Amino acid sequence: MVQDLSDRSQYPARNRDGTLDVDLTSGKYLKLWQGPNHPGITGNMSVELTVCGDEVVEGKTHVGYLHRGFEKLMERRTFIQCFPIVCRICVPEPDFNEYCYAAAVEELAGVEIPEQAKWIRTLILEMGRFNSLMMYLGGQSGSLGLGVIGQWTTYVRDLMLDRFEELTGARIYHMFILPGGVRDTLPEGFDARMEETLREAERTMKDVWNVMFQNAVFRKRTIGVGYINPALFDDYGVTGPTARGGGVAKDVRRDQPYLAYPDLEFEVNVARDSDIYSRADVRRRDALQSIDLIRQILAKMPRTGPVMAKMPNMLHWKIPRGETYIRGECSRGEYGFYVVTDGSGYPRRVNVRGPSYTHAMALLERLIVNCNIADVAALLVSLHTYPPEIER
Amino acid sequence: MKDELKPRIVKGPDGIEFEVDPLRDYYCEASPSVHPPVYVKIVEDFFNWARSESLWILGFGTGCGAIEMRPLMTPRFDAYRFGVQWRPTPRQANLLMISGYLSTKTLKRAIRSYEQMQSPKYVVGLGSCTINGGMYWDSYNTIKKLDEYLPVDLYIVGCMPRPEALLQGFEDLKQIIRAGKAEGANQYAEKFEWYKANQKKVIHDWDMPDYNW
Amino acid sequence: MQDLQTRLAQHTDLGEWTQQRADLAFVTVAREHLHGLLRHLRDHEGFTHLVLLTAVDWLEDGQFQLTYLMNNRAAARDIGVRVLIPREGADMDSIHDLWPTAATYQRELREMFGIDFPGSPRVDEEFILEGWRDMPPYRRDFDTLKYAQEEFAERPGRVSKDPETHMKQKLYPDGA
Amino acid sequence: MPITTVLSPFRAWKFLFQNPVTVRDPLTERPGAPRYRGFHQNDAEKCVGCGTCETICQNGAIDMIDVGLAPKDGDSGLRPRIDYGRCCWCALCVDVCMTGSLSMSNAYTWTDANADAFRFTPGVDKKPWDNDQLGYRRPEGHALHGKDRVEMAELEPEARIGTFDEIVAGYDVARARLEADRCVECGLCVATCPAHMAIPQYIKAVRDGDYERGLALLYETNPFSQVCGRVCTHKCETACAAGHEGDPIAIRWLKRHITDQVPHKDYVRIVGKPKKAAKGEAKTIAVVGAGPAGLTAAYDLARQGHKVVVYEVRKHPGGMPRYGIPEYRLPYDILDADIDVIRAMGVEIKCETRVGSDITMDELKAKNDAVILAIGLHLGRSTRIPGSDHADVRKAVDLLRQVTDEDPVDVPKSLVVIGGGNVAMDIARTMARLQMKAYGEVAVTVTALEDKAHFLADPDEIRECGEEGIDIVDARGPQEVVIDADGRVEGLRTWRVQSIFDAQGRFAPSYDESDERIHPGDMVIEAIGQAAGVDMLGEGLTEALEWNRGRIQVDADGRTSESWLWAIGDCVKGPDVVHAVADGHRAAKSILAAFEGKGDEA
Amino acid sequence: MSKGHDRLKVLTTVGEVFAVAIEFERTARDFYVALAPKVSKSIRYLVEELAEEEQNHFDLFTAMAARADMAGVLAAEIQRPASDRKFSDCVHLPDLGEHPDDQAVLQYALMREHAAMEQYRALADETPAGSLRDLFAYLANEETKHKNELEAVYYDTVHSGGV
C-alpha cells in the first residue's frame, strides 16, 4: 500500500550549485511560507515551500527564531548555574534536559546518585513523556482540523501538570533534577492523586482512540501519507517513535537502559507502515505505556533514603577534564547531551542532540517533496518536532 | 538583501512584462498615525469598554511562554468566556502577546506582525525576559527590554507565568483599556522614529520597508 | 570495546583512545583518516547511526576538536571520533555523502564556529542566525555578555554591593 | 473504510451530558501547590546579607543593597533585592541561603504596566505574600554546600598527656581542600577579624592548592600567621555565614594548613624583601616587648625600610605566645619560625634587656623617632584570700614562664587551680603533663567561679582537660588556702557560687556558705587574671601620660598622650593574639603617617 | 547568757549610730583623698572615685542628721547590733603601705562597704517597723549598692580570667 514518494526525478532540475532550478517568474511555481506565525507550524519555526499547483516541489526548514545560545551561555555558567537553564531548551518536555545534563556531569565528576533519586527521575521523565505526547496528539489531530482532541489532551496534560506542580514546585520548568539527585521526595498523598490523574488520562485515551484513530477522516488523511522509507532511517538519524512507526524497535530505554528502566517491564511499541498514522499510533501506545510505567514506578520505588548524593560545594564545583555523551529516550526519540569539561568550574562545551534536529531539518526537507500543501502540517507534526531543541 | 526583494522585471502569464519593486509594491509605506480619542468622552468610554471585552490575541508563539496559552484556549481555563480568543492572522487580532524572550530573528517578525495589526492594538510582555532580559540576560541573540522596540501596555511576571496569571493579566489589561490608558499604538506612532532606530540597531539585515502595514 | 580498538587499529592509525564508559569510547584520529574510518565504522562495524557532529573550541591550543559520535544499536555501544583541526582558517571534509543529515550539522558548525565544509549542501546559507556580523558566536573568544551589553539595552538602575567591601567601608574605612 | 470509522467519532457526543471541567474562578480558586516556587520571601532579621544568593544566581537577578541597616559582626547589613526582570524561579538562592532566611511563597500573580516596578527587596519592601505560609522552603537535608566541618586528626588523650607534643595534627591536603571547599567566599568574616585578614582569598588559595599565594596573602595582614593558625581566638568563625546552619568554616585550621604546607625556608622569598628607605628617610624606632603586637609593628616598620630595635626582658622573644601558651598548643619552633621571618626583615631583637633598668624610657625617647610600648599582661593576679601568700601558692603566668624557660619546677603530687579561663586550662594541663612524667598519674583540680554554661575557656580546652583526667569543678568561690599544722598547703576551701551575675548582668558572684568544700592539693595555683607591669615607665612618664581606668589612654591607632609614644597590644586592649597583631599594624601605620606628616617631630 | 542581759549591754541611740556613720564616711573620704597622690597614676582613678563616693555618702548622712524632723528619732534607743564592733573598727584607718596597688585599695574599700552594709541591715532588722526601720533599710540599701558596684570593679580588675 505504501510507497516511497520522495522521488525527485519528475521535478525541476538542480543547478550546478545544488539549488533547484525554479523560475518563480514563470508563474508555474509559487513560494509559500508556512510560519513562523502560522497555525500549521509547530512552534516558532517556518518552512519555506516552493509549490507547483498544490504540490510541494521543495521545502526548506528555517529555524533560529528561538535561538538563545544555550550552548554558549552554559560555557559561562558554573555547573550548578547551568541547572536552571537547561530545561528551557525544550519547552514541552523540559525534564529530559535536566536529566541528561545532570547525568553527564555526574558521570564526569564520578558522582553516584541515590536509589530513590533514580526512581524519582524516572517518574518525572515518564510524566514528561506523557505530557509531551498529549501535546502531540492534540497537535496531530489539530493539524487535520480535528480540534477537539487537543481540548481533551490539553486538559489531561494540565492535570499531569498539577502533579508536576505538587511534586516539583512548578508547572512547566520544573528544575527538580539537579546534579547529584533530585530536590525532594514525593509529597504526601501523591500516589492517590496520581492514580486519579492516570484514570482520567486512560478515559481520555479511550476517547482519543474512538474519535481520532477510529475516525475515517483521520485515517484517510494519515494512512499512507508521510511515508518514510526505513532504509533512510540511518541516513537521517531517525530515532524514537518516528523510527518505531517504521518497524525499527529503536528505544534507548531498552537498547541502553538507564535510571530505573532495567527494573521496569514494558514492550517497545512498534508499528510497521512508517506513515503518519503509524507514528501517531506508536505515540498513542507510548502514552498508554507511560501511564503503566508511572504505576509501576510508584509501586516499585523505594520511599526511604536520601535523594541527593553527597556533593561538594556547588558554588565552586570543578570537574576534571573529560567528555561524555548521555542519551535517553524522550517522547520524540533520542535525546542526548554531549558534555566536555576542562577541569574548571564551567563546562567547556555542551552540545544538545535533540531528535527534532534531524527530523525537522534534513528529513523533513526530503519528505516534503511531492507532498500536498494540505498535508505539510500533518507531516511536520507527525515528526513531532519542537523547534527550540533544534536551535537551542 | 534577498534576491526576491530586489526590483526586477516580471513577465506575467499573459506575456506582458512589468517592473516589480517588492519593497514598494508589496507593502504599504504609509507611516502609522495617532488615533485621537473620539470627541465625546462617553462614546470613547463605550469604545474602550467594547475593546476591553474583545481581546483577540495573535496566535504567534514567539517564545516558551506560548505553552501556557494552550491551557487557556481549552476548557479548563477557558479564556474565551472572558472575551479573549486567538486569531491566526494579525489582521484579526488586537493583542500581541510576546511570550517571553525574543530573538532578534523573531523580533523582526514580531514587528511586522504588530504593524500589520489593527489599531487600537495592545502588547503584553510575558515573563521576566521581556522586562530585563530574564535568564537570557547575557545572550547575544535575544533582546533585553521589549519596550525599546514595541510599546508595551502590560507586563506579566513569571518564568513562565501560569495561565491564572495570564487571566489576571487580561483582566488588568481590560482595566487599563477601559481607563483609556492603553495608548501603545498611539505611542508607537508618536515615537515612531525612536522605535525604528532601536529596531534597526539590533536587526542587522533590515530588508523591509520601515512600516509594514 | 577492547576488541573494537584492536580491530580499528589494524585498519587506521588511531590516536588517543579514551574509554569513558563500558559502552562509550572516544578516539582521536588525523583528519585524513576520518572519512575512511567513519565509512569503515558504518559499513563494517555496525555504527550506522550518526548521533551528532559537533565541535569544541580549544582556544588555548589554537585548535577545534570535531567530534563525530556514532552508535551501534545492535551492540549497544557508541564511539566518538575526535579530529583536531587548526582554528585558523578552519575547514574540514564534509561527510554528507555518508550521512545526508550531516549537512545540517555542518551548516551549524559553519555558522556557529566558522568551520567550513566545502561541498556540503547549503553550507553557506544562514541557518540559525540572521544578519550576524560578529565572529561566530560559539567561538571561545566571542564574549556574549559584552556583546549583549553593547548591542541591547539593559534596564538601568541596578547596583549591588559586595558585603566584604561594604563592611570595610562602613566599619574600617582606613583598612585598620 | 469500515463504517465504524464514520460512526466512532460520534461517541464524543457523550460530553454533552458531562459536567464541564472548567475552573469557575481561576483567579482565586487555584493557589500554588504547597511547594510552589512563587514570589520570594526573606526574613530580614535572620538574613545576614552574605550575598551568597547573589553569587549563585545565574541570571544576575539579585543585588545586595543597603537598606539602612548598620553592618555588625557577621551581618553586612545588606539585603538581597531581586529583579523579576531576570529571575527564573529556580530557587537556587533559597537552596544556597546560608541562614535559611530566604524562601518562596506560593503566590504567582503580579502584573504591572511599569517595567521598572518588578524589583523589590523581600522582607523589606512590603508585599501581599510576605506572610504566606505555603511555598517553597528548602527541603530538609538538601544543601548545596557541606554543612559539617571536616574532622582534624589529633593525638589521643593517652598519647598526649605524658608529653608536650602538639595535640592537633593539622589538616592534610585532602582534608584541607574539603574544608576549604565549604567556604562560600561571602567575606563576612573579614570585618570581624581584628587584623582584617583576607580570609576568603586565602581559603580559595587552599582550594586551588596555591599555597605560596596563600602565604603571601597571610603575610599581608599577619606576620604571626603560624601562631594565629594555632591559637587565634578565631572570632571570624563566629561571624562565619556557614555557622548559621552548620559548622563554621575552620578558618584557623586552614590558615595553619597554609603555613604548614610552605617550607619555612621559602617564607622570606614569598614575603619579599623589605623596601629600602630613601637616603636620610630611614627612622629609628624602639619597641618595648617582643610579643605579637610589638613584633608586628616592628615588622611593618622594617618592611618600609626603617630601623627597628625590639627590647625584650626575657631570654627569648615571643611574649605571651611563648611564655603563656604551652608547647602542646603552640610548639616553640613554630613561634621561632614566625619570628625568624620578622628578623629577616631587619628587625633587631635585644633579649634580656629590661627597659626601666637596663635602659630607661627617657633614653629610648632620646635615641629614637618613635617608641612603641607593647608590654603585655605579665603580672599574675592573686586572690589574696587567707593563705594565698604561702610559698606553695603560685601564679599561673609565673609557673608557665618557669616551664618555658625550663627552670626546675617542684611538681606537686596534687594541686588545685583557681580560675576558669584558658590560662587556668593551660597551667592545669601543663602541670598534669609534668605530673604524668614525674609520677605517672594526674591529680589536678580546677575550681572556677563560673558554672559550665558561662565558662571563659574554649569548649575545646574544657573537653580536652576532661580527657586528660583533670577534674574541673565549676561554680566554686575560693575562700582560703588551707594550711596544715606543719605549714604545708593542704588544699583550697571553697564555697559554692549561687549566681555569678547581678541583676544588671555584671560579674558579681554570690556564695552559698553552707556548701563548703575543701579541694585537697599540695599546691594552689592562681590563674584568675593578669595585669600589666607599668612600673618600668618610671614615675615621671607615668605622671605625664593620660590614663583611662588603669590603662594607658590611647587613640584609635594606639598613640598615647605623649606624641612620641604608642602603646599597643594586651596592655591596652586586653589579652588576644590577633588583636595584638591588628594593634601592631595600626600603630605602624600611624607612626608612618606621623613620619610623613610631621617629619622628625614625631 | 540570757538574752535579756545581752540586750542591756547593747543598747545605744540612733544619734550615736548616725554620728558613727558620718564619722565613718568622713574618715574614709579623708583617707582616700590622702591616698590619691601616693598611688600610681595608673590606678589613681580608683581612689578618686572612691573618695567621691564617700563624699556623697557623707553629704547624704549629714543632711539627714540635720533635718528638724530627725531630732526625735535620733534620741531613740535601739539595740546595738552584733556587727557594731566591726563597723566601728573601720573608722580606724589601715596601713596600705607606701604604694598600694589597685587590688589592695579595692579590697579595703570592699571590706568597709561590707561592714557598713551589715551594720545597717542589722539595725534595720532589730528595729520595729516604722520610719526608723525604713531609714536603716535605706542606708543598708545604699551601702549594698555601693558594695556591688565595687565588687563589679573588683572582679573586672582582678578576675579577668586570662586568655
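We call the chains A, B, C, D and E, going by the order they appear; numbering starts again at 1 in every chain.
Following the convention adopted for this analysis, contacts are C-beta pairs under 8 Å (C-beta built on N, C-alpha and C of every residue); 3 or more make two chains touch, one makes a residue touch a chain.
Keep in mind that this is a model prediction, so the values were computed, not measured.
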Chains in contact with chain B and also with chain E, listed by label, are D
Note, CA centroid farthest from chain B's centroid sits on chain E
Between A-C and B-C, more contacting C-beta pairs sit at A-C
Per mean C-alpha coordinates, the chain lying farthest from chain A is E
Taking each chain's centre as the mean of its CA atoms, chain C sits from chain D at a distance in Å of 49
Rounded to the nearest Å, the gap between Cα centres of chain A and chain E is 94
Distance between the CA centroids of chain A and chain B (whole Å) is 29
Per the C-alpha means, the centres of chain A and chain D lie apart by a whole-Å value of 56
Multi-chain contacts in chain E, i.e. residues touching at least two other chains, fall at none
Residue ranges of chain B touching at least 2 other chains are 75-76, 105, 131-133, 135, 137-142, 145, 159, 162
Check: chain C positions touching at least 2 other chains come out as 129-130, 137, 142, 144-145, 155
Those chain pairs meeting the touch criterion are A-B, A-C, A-D, B-C, B-D, C-D, D-E
Within the complex, chain B is touched by chain D residues 20-23, 26-27, 30, 58-61, 83-89, 108-113, 115, 118
Given the complex, residues on chain A that touch chain B span 24-25, 27, 31, 36-39, 43-44, 64-69, 72-73, 76, 84-85, 88, 91-92, 135, 138, 150-151, 154-155, 157-158, 161, 171-173, 388
Per the touch rule above, chain D residues touching chain A in the complex are 1, 4-6, 8-9, 11-12, 21, 32-37, 52, 55-56, 58-59, 88-92, 95-96, 136, 139, 141-142, 144-146, 178, 181-185, 207
Listed in rising order, the residues of chain A that touch chain D in the complex are 77-78, 80-85, 148, 155, 162, 165-170, 173, 175, 183-185, 187, 207, 210-211, 214-216, 219-220, 306-308, 311-316
In the complex, chain B touches chain C at residues 104-105, 108, 131-133, 137-145, 148, 198, 201-206
